[in-house]
Amino acid sequence: MTSVPWLSAALVLPLATAAVAAAVDRRRTGALYGVGMAGMLAVAAVAGVVFVRFDARSAALQFVERAPWIPSVGIGYHVGVDGISLPLVMLTAVMMPLALLSAWGSITERVKELVVVLLVLESALLGTFVAQDLVLFYVFWEAVLIPMYFLIGLWGGPARVLAAMKFLLYTMAGSALMLVAIIVLYLQSGAQLGARTFDLVALQGLRLDPALEPWLFAAFALALAIKVPVWPLHTWLPDAHTEAPTAGSVILAAVLLKMGTYGFLRFVLPLFSASAVRYAPALMALAVVGVLYGGAVSWAQRDVKRLVAMSSVSHLGLITLGLFALSPEAVQGSLLQMVNHGLSTGGLFLLVGVLYDRTHSRRMDDYGGVASLMPRLAPLALIVVLSSLALPGTNGFVGEFLVLVGTYRVAPRYAVPALGGVILSAAYLLWMYQKVMHGPVAVREPAAVRDLSRREQALFWPLVILIFWIGLYPAPLLRRSEASVRALLALVHERAAAPAAVPAQAPPAPSFPTAPSAVVDRGLPAGPPADAREFRAAPGGEVRP
Amino acid sequence: MTVPLAAYQALGALLFALGVAGVLLRRNALVVFMSVELMLNAVNLSFVAFARQHAAMAGQVAVFFVVAVAAVEVVVGLAIIIAIFRARETVDLDSVDLLRG
Amino acid sequence: MTLTLLVGLPLAGWLVLGLVGSRLPRPAVAAVGCASVGAAFAVAAALARDPAVAGVGLRETWFDWIVAGGLAVQAGAVYDRLSALMAQVVTGVGFLIHVYSAGYMAADPGYARYFAALNLFVAAMLILVLGSSLLVLFVGWELVGLCSYLLIGFWFQRDPAASAGRKAFLVNRIGDAGFLLGILVLVAAGGTLEIARMGEVAARLEPGVLTAITLLLFWGATGKSAQLPLYVWLPDAMEGPTPVSALIHAATMVTAGIYMIARLHPLYAAAPLTREVVALVGAVTAFFAATAALTEWDLKRVLAYSTISQLGYMFVAMGALAPPAGLLHLTTHAFFKATLFLAAGSVMHALGGTVDMRRLGGLAGPMRATFLAFAAGALALAGVPPFAGFVSKDLILEHAYAAFRAGGSVVPWLLGLLTAFVTAVYITRAAVFTFAPPAAHHGHPHEPPPSMAWPMAVLALLSAAGGVLGARAVGAPLVRSLEEYFGLPHPESPVGAWVAAAPVAASLAGIAAALLLYRGRRKVSLGVVGRLFARQWYVEALYEAAVVRPARAAAQLLAVLDVRGIDGAVMALAGAVGRAGAGLRRLQTGYVRSYAAVLLVGTVLALGYWVLR
Amino acid sequence: MEVALFVLAAAGALAGGVGVVASRLPVRNALSLLLVLVCLAVLYLLLAAPFIAVLQVIVYAGAIVVLFLFVVMLLHARSGEPPPDRLRGQRPLAALLVAALLAALAAVVRAGPQAAAPPPPEFGTAQAVGRVLFTTYLLPFEVASVILLVGMVAAVVIGRPLPRPPAGPGEARR
Amino acid sequence: MTAALDVRLLLPELVVLGTALVVLLASVGGAASRPAVLRWLAVAGAAAGLGAVAAVPPAGGAAFWGSYVRDPLTAALQAVVLVGTLLAVILSGEYVRRTRLDAGEFYALVLVAAAGAMLMAASADLLLLFVGLETLSVPLYVLAALARADARSQEAGLKYFLLGAFATAFFLYGVALAFGATGSTALAALSGAAPSATLRAAVALLTTGLAFKAAVVPFHVWAPDVYEGAPLPVTAYMAVVAKAGAFAAFLRVFVATLGPRVGEWGAVLAAASVLTMVVGNVAALHQTGIKRLLAYSSIAHAGFLLTGVLAASPAGTAAVVFYLLAYTLMTLGAFAVVLMVRRADGEADRIADLAGLASRSPALGAAMAVFMAALTGLPPTGGFAAKFLVFTAALDAGYTGVVVVGVLSSVVSAYYYLRVAYTLFSGAPVPGVALVEDRWVPAALALAAAGTVLLGVFPAPVLSAVGQVAAVFR
């Protein structure tokens, strides 16, 4: 569909830039940062082209590139984007330059290594989101680990060594079993599809043995749930986020965690539909626990960075909740919320980073009255905070509302307690904001707390613009994800309803139940959740034709 | 009356086990080494008995190879033992414990 | 387009002040701030003449906001009689208070920030008022909350102000969670959030669902409109600048709950159970807050409790299916409570911010204009004819009585009557302590500058004469219009004359009692009851002990368990593997004989498996 | 006759074996090994392997054991096993393991075939060995020569005196 | 049976052994004082051997009266052995010169051992296998003890030798029992023999012998001590070539011969594999010496390799060969990094000695990161591709549990591997530690790194080459 290999360009550009950076004299830190920034902006430009040229009406993969890679084992280089990967590609392309910018001026040691690591990381992250071959995906997925390990381990805080190792081992442990499941899928594909393959699109045609499917589902779900992280698999997160340098925390929160939620959408739902539907309540329950638990624990933190880190557990809980609600609103909301969380929590980490650069403390008790000292920071920080607590008008609200609406329609019992997160997020975020920004000036060296430099303002402005843009006019994003989400859910429900292990012709499309939706907990219906048609059929302005 | 071949095998097994016991129990490197030689000889007996049983010469040829290899091992082994003795004035294996963990 | 202009004007003011305000000279800041709101008032007033307003209302669709799955929410505005009334109150009172602020805040370093936030508030309030969809209303609902947070904590350098702002946001958030849930139920069950289609939704939904929706939304209203049990933020909100208290925490924002119920009238009309709850909560709150005001020494907090109490009246009206009465009271309350706050602000302005009534007094002389304004407001509040409050409060109590006669509870009416008495007592007490001799202050009180005096005067006038909007004598134009709007009958005289007279009598009795009690005296003990009142019936203490502290403790416990328990298990697993590694190291003894034994173990196992199987 | 010889030789071999393992004097160990070797040679004769029997006596007994004896003499008697034994659990462990090994081997021996046809006339002679050795096992035979070469190199390189200090490898390594 | 005496088939072995003789003679003839010449000779020999492997067409069937076979498996395994030998020789030169090891003997023994491993790969007869095994082992005993003045080297030699001889006796007993069960020493006879206690005992004892050489748990106990004590280049060489030889034998005996009877031996090797992966990786966690760490690493990798053997399938066999190649490159690469570093007072063989070296040479740090990632099995390196292939084969054969243990123990291994890579980047260099000035070591390092990465990114060519070994099963 396109002659220019845009996606490959996005994958190769960072690596090429890394090669260039490797050749730059290590003492010329400015040049190194400049080279890195140029590369990342080029990637962002490529992503912009992809975004603009993306055909929102199509649910199909676009910008597809395929080439044989290891043909003897059925592994191909197969990349493409659809409405599910596009937002995350964009998020990555936007957040990486900001992460680099956050280091510029803040990190002066081992700059060359830093730039190279960040560029490699960008390539791997983008690859994770565009790969359409399971092995290719896994390669990118794991390739993220090493640069991230070094990012935390080399430029991190005082407890960085342990945090980096914990991050690495914990997330690797999950992925390990996913690899096994990937291979099992491949082996299964031989009998049914004629040839063994790792191609995701082909594997979606697989009818798995009902005895096997839950295990594969579990293996994938474990890996992804650790990455997300779903409660109670989250404990690597506070350490890693807290100890990582600002750039690392930003990438971790903004992009890395989304690998997990994206993985659920991209792989778990279409490949293991029956189990996904069957175990959705369990995952939703965990997600809700995460929402509340993460919020409560955040509230109790005395370390600013740890507070922000734990808030991710809460936010990602909501995203997971939406994913497994399996209704179009919830899934689209989740997808949007992935972007939103990237922007807002990324912004919060940038905020913490800016503060840390000045005071070298993460303890809330060491702060106070910063708004007086940094009047330029205060409103920007507030906007980011408000985005994070999902104030209407900001991006967070749109995503959160969609998730809640979509979840409530199919599983009220999970949506209602999740509202507690709405309260908790305000509790801990405003608590933090007050402790840091308000009150009499209480920092140890007020003179060292200069207001934002131009570079630092440049960190926040893109975020602020996106926060309001998505908050007020999310249509460009929602429109692009709609067709793909719809197609995905149709596939999931069709596959979940179809008798497994009957590799006969496609089963008849399940008839949509027509019972009017009502305020009763229907649990999770086997078919599509509370009928979409009925939902839209109410006459009048709010329902689209 | 002839001796059953199993008796030879049994004798071989016994000698082999004796050799094993020697390796496990003795600390003198030389004696340990002799115990290994005992094990090799037990194997040889087994080979020859099997050769007789199958009327196949391969078993006897095998002994030839074992003897050749044993000879080389003796040369190498004794060279190493002597070298160690020159350095430490002992062939007690328990005192050779710089490397562990 | 014009509705866009209406919202856009203050929004533009905010943008200008927010982005470049700190670089503008003060007069320019004040000019932008006041002009944007003034222009908005002009637009609102002009639009209200449009004939369409009397019909289905002016409609504007701005853009598709959230379109996903089966949900399609459009951002748009409706300008009908209800929103026109509210928009004019908001922009009108807002404009006056902006002008007042120009003088009141003249010396504050955060001048531009102040006006930016105030402009944003007006814009947000207009979004709330005009929003064509409940979700757009909710945006405004939350944004006014944000502005409230910003303005309560305007002097963020002071910890109490910052904390009060946070408390306001948080308590409101608790209400909003319920509100949001109500929206969720509504969208799931009704399929739409379009306000224009609520009638049809109400007709379609089962009563139980309707009750659930309306109760949940009302829960949100108790937060925003400071009713029991979520009133606790409003007294603290007095930490903000006084004009802010006047505009946000008296005249406009806190009435959003009443406005919302009026906006969703079809739903509430069809939910009698909810209405009963609304009326009861309103009545209990009205009485409760009035008693709290009775023993309060902080002038602004007296007014704050008074606001809570008066909002209670409005909810009584909404519960009695008399939204016109409630909205009338909303309007008159906006006038007289703003007057009272501005007068209080004037006192503070004159005395360097003193609000403790024990350190006031004797101001009637040096601050005559202020005193007169306060008196007008107080009389209106007390419900003395013919002041504005008399008309509206009377109407509410009449409707409450009518509702009782129609089979409802008697409690709202009885408590309302009782509250009328208490109201008169506390506001007289406040007036006496503040303005009557002896003077307990050490300052040199002076009248406020014209920029403050004029708005105060205008509002005082409205407090005195605002009753015409609802006075039967003049045909009650506003009430009629609203009754038409809501499709309600116009009861000529719903109840007997004694019912109408009773509140007046209660008020006058209250004033008399207060004069008797407090004139010339400061230390009046009400005994045990007084202590109960002074501690607001221990509601806050109860929250602190039963909610806040346990929640905080639970969070802290969870945080510890997170590290010790969940992460502890993970680390224990890792530690076990590590110890296994150390153990295996110890097995590597370095002795040849041990190694030979290990080899033999392996061999024996292999042999055993193969030979014996 | 055959039985008597077997019993005699087997007893000798076992006695020698025990001697190798149990004797505290290295010289006696070596001589016990010699006894084993000679007894085995007798058994080889009984098993129709005259060439191997001769090989056994000449190479094994004649060369290898002599080498052992030579080294034993070189290292003197003090190169024994001074007390205490640091591995206290070793004896019972060894007993257990060896018993288990014997049990497994006994099972194998018991299960093995019992009868055998009488061997062909030429069986076990030097010619027979040679015929097989230089056809089927030509390649291993040639490779064995390489191993022998390695043995020579080993003897030379390990027995060579240390290079002179200061820059010897001894100093170069911790 | 093809031509009984086709010496052309032996060309690779002859080239290598011939070079060994030439090196020895040159050393005796006066070149001993010029180790560079000897290194050139050895490099040329290994390279020529590699060329010979490529040049001699795999003939299929057995030669030399059924004792020898040159099929695609032989060729592939010998190629791996020779790649390891070539790199090891290139790596060793600087160390041999600096510490004055006996260069002639060193190179000659290295080449002889390589020939032994090559013969094991080509064995179709248990006696040839035995002789090949000894040709591999005896030089390694000597090499381990080559640093004569060093007590640790002596100790390594003694332990390796005594335990090796002990294990050899078991192996031999296995050969004897196999002969007893079938009346023949040909491997082919085993595959068709009727099941009997003797045969099963034979398999058990053969396994013991091979498992010892491959350092499979519990036959691994010698490895940490010997790896630590032996001179660094010897350890490097031993780690790869002994492993390759042992697994060549595993493939020959278990897959190519007993493959159809996998039901009789699969469970034991599965258990051994699990045990090896777990023990190897867990015991490595707390090591402080790099050689000892890599010893446990080599043990752990034996476990991973076994999973490929278990599959007893063409894909599994190809995977094992691929794994051996990747393992050779990444292990030698890791040793190369250590060989790049020296201390004034000896080998820089503690992990701590590597601290901060990336600041002196970023390329060295990057290379170590690549090798450690590869040893962990992280993509996109050859280590990942290799593990992926063996696991795929094992899963295909139904060994899900083994593979699960395998992937989880890989996770454990990340702890110690990446700690090493991290050490290079963090902290300041230890006083007294310097980088060696030599062009050969960096060259080998670069080759190993490039190979490791290429095997991960573009494995297809190598994969199709090792895919040829499937011919063995037809």
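Should a chain be cited, it is by its letter among A, B, C, D and E, assigned in written order, with residues numbered from 1 in that chain.
As a working rule, contacts are C-beta pairs under 8 Å (C-beta built on N, C-alpha and C of every residue); 3 or more make two chains touch, one makes a residue touch a chain.
Quick caveat: nothing in here was measured; it's all calculated off a predicted structure.
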Identify the chains adjacent to both chain B and chain D in the sense defined at the top.
-> C, E
By C-alpha centres, the chain nearest the middle of everything shown is A
Pair with more cross-chain C-beta pairs in contact, given D-E and B-C = D-E
Name the chain whose C-alpha centroid is farthest from the C-alpha centroid of chain B.
-> C
Farthest chain from chain E, comparing Cα centres?
-> C
What is the distance, in whole Å, between the centres of chain B and chain C, each centre taken as the mean of its C-alpha atoms?
-> 96
Whole-angstrom distance, CA centroid of chain A to CA centroid of chain C, is 36
Whole-Å distance, C-alpha centre of chain B to that of chain E, is 26
Between chain C and chain E, what is the gap in Å from one C-alpha centre to the other?
-> 77
Pull out every residue in chain E that's touching 2 or more other chains.
-> 127, 130-131, 134, 138, 141-142, 145, 148, 152, 157-159, 162, 166, 177, 180, 197, 201, 224-225, 287, 412
Specify, in ascending order, the residues of chain B that touch 2 or more different other chains.
-> 9, 16, 19-20, 23-27, 32-33, 49, 51, 53-54, 58, 61, 65, 69, 72-73, 76, 80-81, 83, 93-94, 96-101
Mark out which residues of chain C touch at least two other chains, giving numbers and ranges.
-> 585, 588-594, 596-597, 600-601, 603, 607, 611
Can you list every touching chain pair?
-> A-C, A-E, B-C, B-D, B-E, C-D, C-E, D-E
Can you list the chain E residues touching chain D in their complex?
-> 4-5, 10, 17, 24, 64-68, 98-102, 105, 108-109, 112, 115, 119, 125, 127-128, 130-132, 134-135, 138-139, 141-142, 145-150, 152-153, 157, 177, 180, 196-198, 201, 231, 343, 345-347
Could you please specify the touching residues of chain B with respect to chain C in the complex?
-> 20, 23-27, 32, 93-94, 96-101
Please give the residue numbers of chain E that touch chain B in the complex, ascending.
-> 127, 130-131, 134, 138, 141-142, 145, 148, 151-152, 154-159, 161-162, 165-166, 168-169, 172-173, 175-177, 179-180, 183-185, 224-226, 228-229, 287, 292
Chain B residues touching chain D - in the complex, by the definition given at the top | 1-11, 13-22, 24-28, 30-31, 33-35, 37-38, 41, 44-45, 48-49, 51-55, 57-58, 60-61, 63-65, 67-76, 78-83, 85, 90-92, 94
Report the residues of chain E in contact with chain A in the complex, numbered from low to high.
-> 358-359, 362, 369, 373, 378-380, 384, 388-389, 391-392, 395-396, 400, 403-404, 407-408, 410-412, 414-415, 418-419, 422, 425-426, 459-460, 463-464, 467
